[in-house]
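Got a structure for you, questions after.
Going by the order they are written in, the chains are A, B and C; count residues from 1 in each one.
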Amino acid sequence: MPREKIDRITAEHRWFLDQFNYHILVCAGLGCPGNDDILRALGQTVRNRQLTDEVLIRKVGCMGLCSAGPLVLIRPGDLMYQKVQPEDAEEIIASLGKKPVERLLLSPDLAFFTRQHKNVLRLSGRIDPESLPDYLVAGGYQALLQALFAMQPTDILRCIQESGLRGRGGAGYPTGLKWSTVARAQGSPKYLICNADEGDPGAFMDRSLLESTPYAILEGMTVAAYAVGASEGFIYVRAEYPLAVQRLKRAIRDAEQNNLLGHSICGSNLNFRVQIRLGAGAFVCGEETALIRSIEGRRGLPRPRPPYPAEKGLRGRPTLINNVETYANIPSVITNGPEWWARLGTDKSRGTKVFALTGTIRNTGLIEVPMGMPLREIVYDIGGGLPGGHALKAVQTGGPSGGCIPAALLDTPVTYESLNELGSIMGSGGMIVIDDSASMVDIVTYFMAFCRDESCGKCTPCRVGTAQIHNLLTKFQNRKATMADLEMLEWLCDLVRNTSLCGLGQSAPNPVLSALRFFRQEFLDCILTDQNHEEVRP
Amino acid sequence: MMEKLRLATLWFDGCSGCHMSLLDTDERLLELTAFLDIVYSPLVDVKEFPDKVDITCVEGAISSPEDERMLVRVRNSSRLLVALGDCAVTGNIPAMRNIEGAPAMLRSIYTSGNGLQPQIPALDLPALNDKALPLHRFVPVDLFIPGCPPGADTLFTALTALIHGNTGHIALPTCFGA
Amino acid sequence: MTTPILTLTIDGKEVSGLAGETILQVARENGFFIPTLCWLDGLTSAGSCRLCMVEIKGSAALHPACITLIQEGMAVTTSSERLLRYRRAIIELLFSERNHVCAVCVVNGHCELQTLAQQLGIDHISFPGLYPDLPVDASHPRFVIDHNRCILCTRCVRVCGEIEGAHTWDVKNRGVRSQIVADFDTPWGDSTTCTGCGKCVHVCPTGALFEKGKSVAEMFKKPLGLPYLKAIRDLGV
């Protein structure tokens, strides 16, 4: 019965969309300011010209190329206009069906678009994030229907395992393995959590996904709930993402009203409800055990593992916790099959990965590439290289838990393994391009200040160690360091990495260690050459 | 008979308790002086720090530019430098001012009371560093003897070990605050 | 049902313990020294001070002995040179974090932090002091909390919540700015939940919590009754 309802909604909405000759899609992400004015101007122009039966104006999610935003897409024809202002509305509407507005036109052959492989971001910037019918017309919820009516939970577990999907939150734990552990674990009820507490400086993959395709995340979660036997789900999202929260709330409400969440979903025997929990901005709450405590209403502090949340998580029950992007990948794995999915990427790092490309680079924005793509291609082809004649110095991945890849190693393929070998991590997908004018000492000092401020304070090495490391780095910044300080810096990094309680502390020294490995000379240059003690003031 | 080792002792920002402990070794001082010549100390009448010293024991934290200069001079002239007592080892009581810094401490001591003419003394007094710090923040230290003050037995054990050429880790019956 | 007995080696010596026991329990029963600060018999383990880290054969990571359960055939090392270096450094970090002035502290001579420093052979603090400006709260009629001496082990937080059931204490802020607070950060004397039982004072390993009227070196802590209190509570007596 509900299946028919879905088909009816889809057919009706497709009929509605097909009525219009032109669809004008306006990027309405948080990163494109002024899009409300553009929407208003376009709407006014359409009304003035009495084209309301011909032209449909829609706000959609992020189109990716934030540096050229606000972006407007005209369909059919897929004409993309960049840096659109409300004043351009007249000209854009007038050009419909005629010669495009050359001065705003963005070439579709741009490597930024052609080199990407969009899977998770497939619908981002193409559908209205607040419209369930839009998602359905685009093929949404087919994965859930297939899972519920054509697959057993064990089939789904096998499917995810065969795909080789690994967690997109940073550590890259095999998703299928995690799901199977939760499915096997004893305890009831089982919980499911979506970790949307994205906190790395310069990273906005999860925010964009939540803002652009919230239904896809709900669909992924629902499939997961069916596979592991969870009946209650939580999305832990930062309160600093108001637009994402607003769209998620709407998506949950729509899904509930259409029997895509709640009791007996689509007439199956699956019961699954989803609630939103707002994080108050503590970075450590992205760590799964701290996140769980925070959902329980307690102070967000990590606890030692084992037991892992898969066995004892929320309220002591088996809990599946995955990152936003991981869930967003699920529908495509189910509908296209694990073989199709596994063909993307490399042997051990399969599929595509979304990155937030920022820093000194021409094309800043959100990109999705198959794993294994060399950094050089990302920086110079997709990213368009560095502006203003700057030379590349390094690419920082993994934020405050990651490291930097120097320009000399730019041919490194982006996989979990290759980045780990270089002392960095894949992380959640932040990618910061650093040019030759930047000081690595300044950069790592910034990241260490971040870790010091965001340390929860529970364990000694992270709480005091990060503060001591930061003080030492400040000495380097002020060029008042000594060789003994360098030794102490390395010793403290070793201590914090090996004795801290959770991932935040254990990875906090990574940026420093990575910079010391590839840019040691910059640190040595900050050391006083004149060993006159009069000047070596503490 | 081997030549006597040259011993110096200094007193920076501290209470002289550590020197009292040295005197507390009582008759054992005579045993020590069989091996040691005290060439500079608040306890003897020598005005200039000599050039070549074997063992220098420093009591007190480093609190002023004058302390700093003297410490560097002493370090350069001494074979072994011993941080004697908690003030020299951790900063201890003098370092309690580090929380708010020297100017705030001076204000609260000299101007917040009920004096007739509250003023911060400046004439003839060396300026204070903002923080009182232990010796090893400025120069390398060879032996740390914590304690407030370290007892006479501790000092006797440490000096005896140094006399016998033991410069490695010396187990001492003392701790911070002891 | 009997609990299985597991055999393992600690520092090369074969020992046995009951399934469900921690490495720390078994090590202490067999006379091995593993330092601890946040752990206290009768309270849940926080695993936060990181002093009790041990090596387990076959695992690259270090494991806190206070929460890691023993397993059959496990080979534990409690005192390698590497572990000792880490332990000393952690104690030194604690000393550098706040204003620990043993010479004028109420628990001088019977402080767990001071004693551990001596046992581990720490004769100076290699890290520069942070010298934070922290308050002393003497608003309670019988007790004082001196944040300058606090090492954030959270024993007070746990004993108050778990044994006394008052949950007066908790922690505010994060990272190096963390601080123990009464209720919603009110002066201790104004706390509406504190029963004045004094358990927090006696579990505190340092001079951060002490009784009024005690001067330097006069405060003795007596936390030993906790396991009995916990047993009585668990029995529902």
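Just so we're on the same page, a contact is a pair of C-beta atoms (placed from the backbone, for glycine too) under 8 Å apart; a residue touches a chain by one contact, two chains touch by 3 or more.
Values in this document were obtained by computation on a predicted structure and should not be read as measured data.
Each chain's centre was taken as the mean of its CA atoms, and the one lying most distant from chain C is A. Across the two interfaces under comparison, A-C and B-C, the one joined by more C-beta contacts turns out to be A-C.
One inter-chain figure worth recording: chain A and chain B are separated by 58 Å, centre to centre, where each centre is the mean of the chain's CA atoms. The centroid of the Cα atoms in chain A and the matching centroid in chain C are 39 Å apart. Chain geometry summary: the mean Cα position of chain B and that of chain C are 33 Å apart. Multi-chain contact residues of chain B (touching two or more other chains): 131, 137. Contacts with at least two other chains are made by residues 126, 128 of chain C.
Chain contacts: chain A has residues 538 touching two or more partner chains. Residues of chain C that touch chain B in their complex: 95, 99-105, 108-109, 114-115, 117-118, 121, 123-126, 128-129, 131-134.
On chain A, the positions that touch chain C within their shared complex are 282, 284, 299, 303-304, 452-461, 463-468, 471, 488, 491-492, 495, 498-501, 538. Chain C makes touch with chain A in their complex at residues 46-51, 53, 61-62, 64, 67, 86, 89-90, 93-94, 96-97, 126-128, 130, 151-152, 154, 170-171, 173-178.
Against chain C, the residues of chain B that register as touching in their complex are 83, 86, 89-93, 95-96, 98-100, 131, 134, 136-137, 141, 144-146, 148, 169, 171-172, 174-178.
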